[in-house]
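Each of the two complexes below includes chain A, the first together with chain B, the second together with chain C.
So, the complex of A and B:
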């Protein structure tokens, strides 16, 4: 046993500042790219700035008043429900695949790669690929044709279908991320526990029910938070694929349009602040409803 | 604990004021961009921001620069092609680094021009030589010269229209619809594409404003009109035609997936009859026809199907305006490029565009217009700033895709509501904005 004795004189300051030196770079990046923009956004939300003019007129809470007195601005949150639904399906699927692939399966690594791959592809590329996929008589219709469901469908053109189509693209894209989170959590459960359970006569379902699920609970709740905040702030896929047309406008698309189409940066900043508040609030509610308890497996 | 949050608050406030201070004031170096008297004496490296990414990529701009260097041997021109030009440059105007020469983003209000750009000369003087001078100036000074002009109309495939037995340009919206119906029944082609998915092509319908009544004041009238979509008015007639064409199923089956590139080659090869786009599209569609193995001469250009006093009218309007940055260190060299590009380059001819120079030659493609006696009109720009203020305030977006995309959705039964209901809603929003934003 080696115990540190008294610190040598002269090295105290350096030694004490070492962790801060290591932290300096990430802190500087965090402040520059996260906190400064958030504070400027808070400031913009109190002005009627148009986005480029040197003058920024201070208007107080007028933007917030306008935001909350115009119900049409909040209607778009309805679209988030489609993404929420697809997020729920996504979690179930991710959990299923992660469980199956954590056991010994043939071509295990190949399937892991297949599932994770979409997450690596650039969102713009995905948008373009699925644009062809969803064309009437395009890839999806041809594939459905093989199964006897002939006919052209307006996957993006039909207002009943458009949000389901977009949400399923989102599901496909982010499945890999959830899958990897779950897989990592499942694999961190010590192997001896499975062996012991098997000796006690537990089958696969028992193992999943009593070992895997309780073991990865913190990751599942984290994932649920990501899914909820992600569905509230869905942007990339609908923006690239439809530009928010045909009733697929989400809250973020609407905010971007307010800021950059109609030059209402002040109002858009207020909308962004409200979105931030909504996301923080739902996260908080989730944490209250599902507290993050310690994991006790043994 | 309390002390710490006070410190945080102080830091936050400092950050906020710092941000506000950075972006306040133009801090410009000032000075006019005077045309150099002796070409050989001008020198310097200048950066030209351009939205013409295709011409930057295929070396056309470099060729223009080489031509330019024959006159100005000591000026080095570097191009910076920007894909999302409008959005990116608008944001860069917050800094002092936006090139030496740039196209003025459409979102910048005319009254702000003196903050960002160097004056090029008085309107009265430049007006003698150039078209479109009055919209690029403020307080008698000109800050931007249009690189070229566009004539509105519709690009069509002559072969397809002839196959349907149509030889003359339609003169009324009803005749236009009948012609498109004929194309639908007699040929394999889709009569018209809206290219809804891309967004920007559908904004071309806004450029027909003024054309149905041959009224140069149609744009300015919007500043005070509290019901621009009332029956018989310009916007009502334009939007009704778009609605009817889509409602009669004379357009593409799924507008939400059609791309510009596909539409380009399909029109070129005779699978589409008509694309409602201005004259800038002609050269690109000819190129697409050639690439598809079809005859480029089958690409024609016709005016909007409406006449006033037995005449067609075509609104001619400036493209982006070229300006010199107020922060440029080589204003003379920058001015030399602007003058050379507008006066002496072959750009307008090469691209089949209307030249800015009043004395410039009309391109081949617009000859048919002149031969048919189409009247070129220019919309007054006096109330531009107010109209765009009202437009932004009302969140309608006359030049943005959303409003006409919604119109198409209504027409094809994808949106809920009626055309009259939508017109009433637009009128209501516009009238409210006229009251608050108008002066």
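So, the complex of A and C:
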């Protein structure tokens, strides 16, 4: 282990410490900004700390109990379900458009560009664009009016509608990313396979079912992880558009408010630990269900 | 890929359905942006009177852009963003490539452990640890300075390290061995052999990172609340208060923030697609 295998054996201390000279800064940053926060967060979550007082009183699992027993705190998990649903729709649509645009289509690059562009747009700008879009009597109501459905709706003010509206903004924003990932994966499947399949009498659906889907499985499972962790950590769009009003508070909005407005760092840390645990658990389950065959990281 | 020749009625209606779905999706994508552009070109009484779908009287009315740009301090915002962008992107490239070089080209004690530490960290989403990260930034005295954002963007981007590791493996070891035999030091090999060969990875990381930094709201909003430090996102966000009902100004601000992205996208389209596909799958 301590002997270099690819290179000639190092001569002396300087040679042996070379990799560490390159790794010093990256490792320092890694420990400072990833591992220290994870561990100190675990510790804060067991205290009733307010974020600035010198003493941190140990309260055990009290924060966790509060989190799981107060319905108003717990309901943010249900809000994630809206984003999860929109994420599922997003994946299906992205897969559809990626398949369609992999084959010959007129104005292919135009459609590609249009579908992908929203992903590159600034989140605050998107928030404003859709605040304007969802105004009562605004764009959406006017467009619906053209189709005969008159009337103004409180798309963002009605607790029944607000999460659907916000989750559809996420759909608009992230569809393009999934689309481009799928498109790249589909295009890495060699074209001859399709030609061979066509000669064997396979129609487009057969090709999608038996060539495209198995060929891009790793990317589909990657984007499933992104969808799950994205729906749990939804923040920008709902925060900018509603500030969490009318029942649109997400997990991250709540954590930020608890920690930075109400100075409940202990409780906020417990919430963050739960979020982290859920994300890690999903990733792990996904790894078990869909192992990355052949994708060895290092 | 394959050219599909439509035959018969079924095939023709399938083609029609395909184009219909593409046009519908494009409309749904472009309509919200188009109405905002129209709103930005309207005068105040005009935007109060007409619906959002009525086009502006004067397509060259740039008044709102002037107001948004000067009163919204967008020049300062672009400056702050550029500053943070330059340092974060450079830092990310250096950190990622150095890590990849050390891990892939050297065998040393705790190498496996080091790799696992980086890989494991890539599973931790930044938003989840923010409460504790805030305390660290605060204890360094970086709160309310541009260095907080730079440190966070540079120090928490494990994904770029993983991208660099993937690319690094594709560079033949014989190249740096040759340089080594010629007497080059490891630092020199890194600078003159490895970095130039990592160009595709650097392009990928610059693009992916650039998009993230330009668009991020969370980090500057939490760590740089002072108005002088406003970046593009937070400066635009602050339009919400003073221009509350002045949609023509808010829309003009949004357009001003989107336009640079659009220009870069149109010029670098192909590289941007590649960047994202590689960034996520490699």
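Following the convention adopted for this analysis, the second predicted complex is superposed on the first by the 216 of 298 C-alpha atoms of A that agree within 3 Å, B and C clash if a C-alpha of one lies under 4 Å from a C-alpha of the other, contacts with A are read in each partner's own complex, and residues count from 1 in each chain.
Basically, a residue touches a chain if its C-beta (ideal position, glycine included) is under 8 Å from a C-beta of that chain, and two chains touch if they have at least 3 such contacts.
Everything quoted here is computed from the prediction, not taken from an experiment.
Asks: Between chain B (first) and chain C (second), which does A:246 come into contact with in this model arrangement: first, second, both, or neither?
Replies: After superposition on chain A, A:246 lies in contact with chain B alone.
Asks: Decide which partner touches more residues of chain A, taking chain B and chain C as the two options.
Replies: C
Asks: Contacts for A:154 in the overlay, against chain B (first) and chain C (second): which applies, first, second, both or neither?
Replies: After superposing on A, A:154 lies in contact with chain B but is clear of chain C.
Asks: Taking the superposition on A as described, I'd like to know which of chain B and chain C A:36 touches: first, second, both or neither.
Replies: Once the two structures are laid over each other on A, A:36 reaches both partners.
Asks: Check the residue A:177 against both partner chains and state whether it touches chain B (first), chain C (second), both, or neither.
Replies: The second partner, chain C, only.
Asks: By the touch definition at the top of the document, which applies to A:214: first (chain B), second (chain C), both, or neither?
Replies: neither
Asks: Quick one: classify A:283 as touching chain B (first), chain C (second), both or neither.
Replies: second
Asks: Where does A:260 make contact in the superposed view: on chain B (first), on chain C (second), on both, or on neither?
Replies: both
Asks: Contact-wise, after the overlay, does A:18 reach chain B, chain C, both or neither (first, second, both, neither)?
Replies: In the superposition, A:18 touches chain C alone.
Asks: Hey, what residues of chain A end up touching chain B and chain C alike?
Replies: On chain A, the overlap between the chain B and chain C contacts is residues 35-36, 40, 51, 132, 135, 138, 260.
Asks: Can you tell me which positions in chain B touch chain A when the two form their complex?
Replies: Spelled out, the residues of chain B in touch with chain A are 12, 15-16, 19-20, 23-26, 87, 90-91, 93-94, 107-109, 112, 115, 196-197, 199, 253-257, 259, 391-393, 395, 397, 400-402, 405-406, 409, 412, 414-415.
Asks: Any idea which chain A residues touch chain C in the complex?
Replies: 1-7, 16, 18-20, 22-23, 25-27, 29-30, 32-38, 40-41, 44, 51, 93, 96-97, 100-106, 109-118, 120-125, 127-130, 132-133, 135, 137-139, 142-143, 172, 177, 180-181, 183-185, 187, 191, 194-195, 198, 204, 218-219, 222, 229, 233, 235-236, 240, 252, 255-256, 259-260, 265, 268-269, 272, 275-276, 279-280, 283, 297-298
Asks: Contact residues on chain C for chain A in the complex?
Replies: The contact residues of chain C facing chain A are 1-4, 18-19, 21-22, 25-26, 28-33, 35-36, 39, 51-53, 95-96, 98-99, 101-109, 111, 114-115, 117-119, 121, 123-125, 127-136, 151-152, 154-156, 158, 161-162, 165-166, 169, 173, 177, 180, 186, 190, 211, 214-218, 222, 232-234, 236-237, 239, 247, 250-251, 253-254, 257-258, 261-262, 265, 269, 272-274, 276-278, 280-281.
Asks: Please output the residues of chain A touching chain B within their complex, sorted ascending.
Replies: Going by the criterion above, the answer is residues 35-36, 39-40, 42-43, 50-56, 131-132, 134-136, 138, 152, 154, 156-159, 162, 242-247, 257-258, 260-264.
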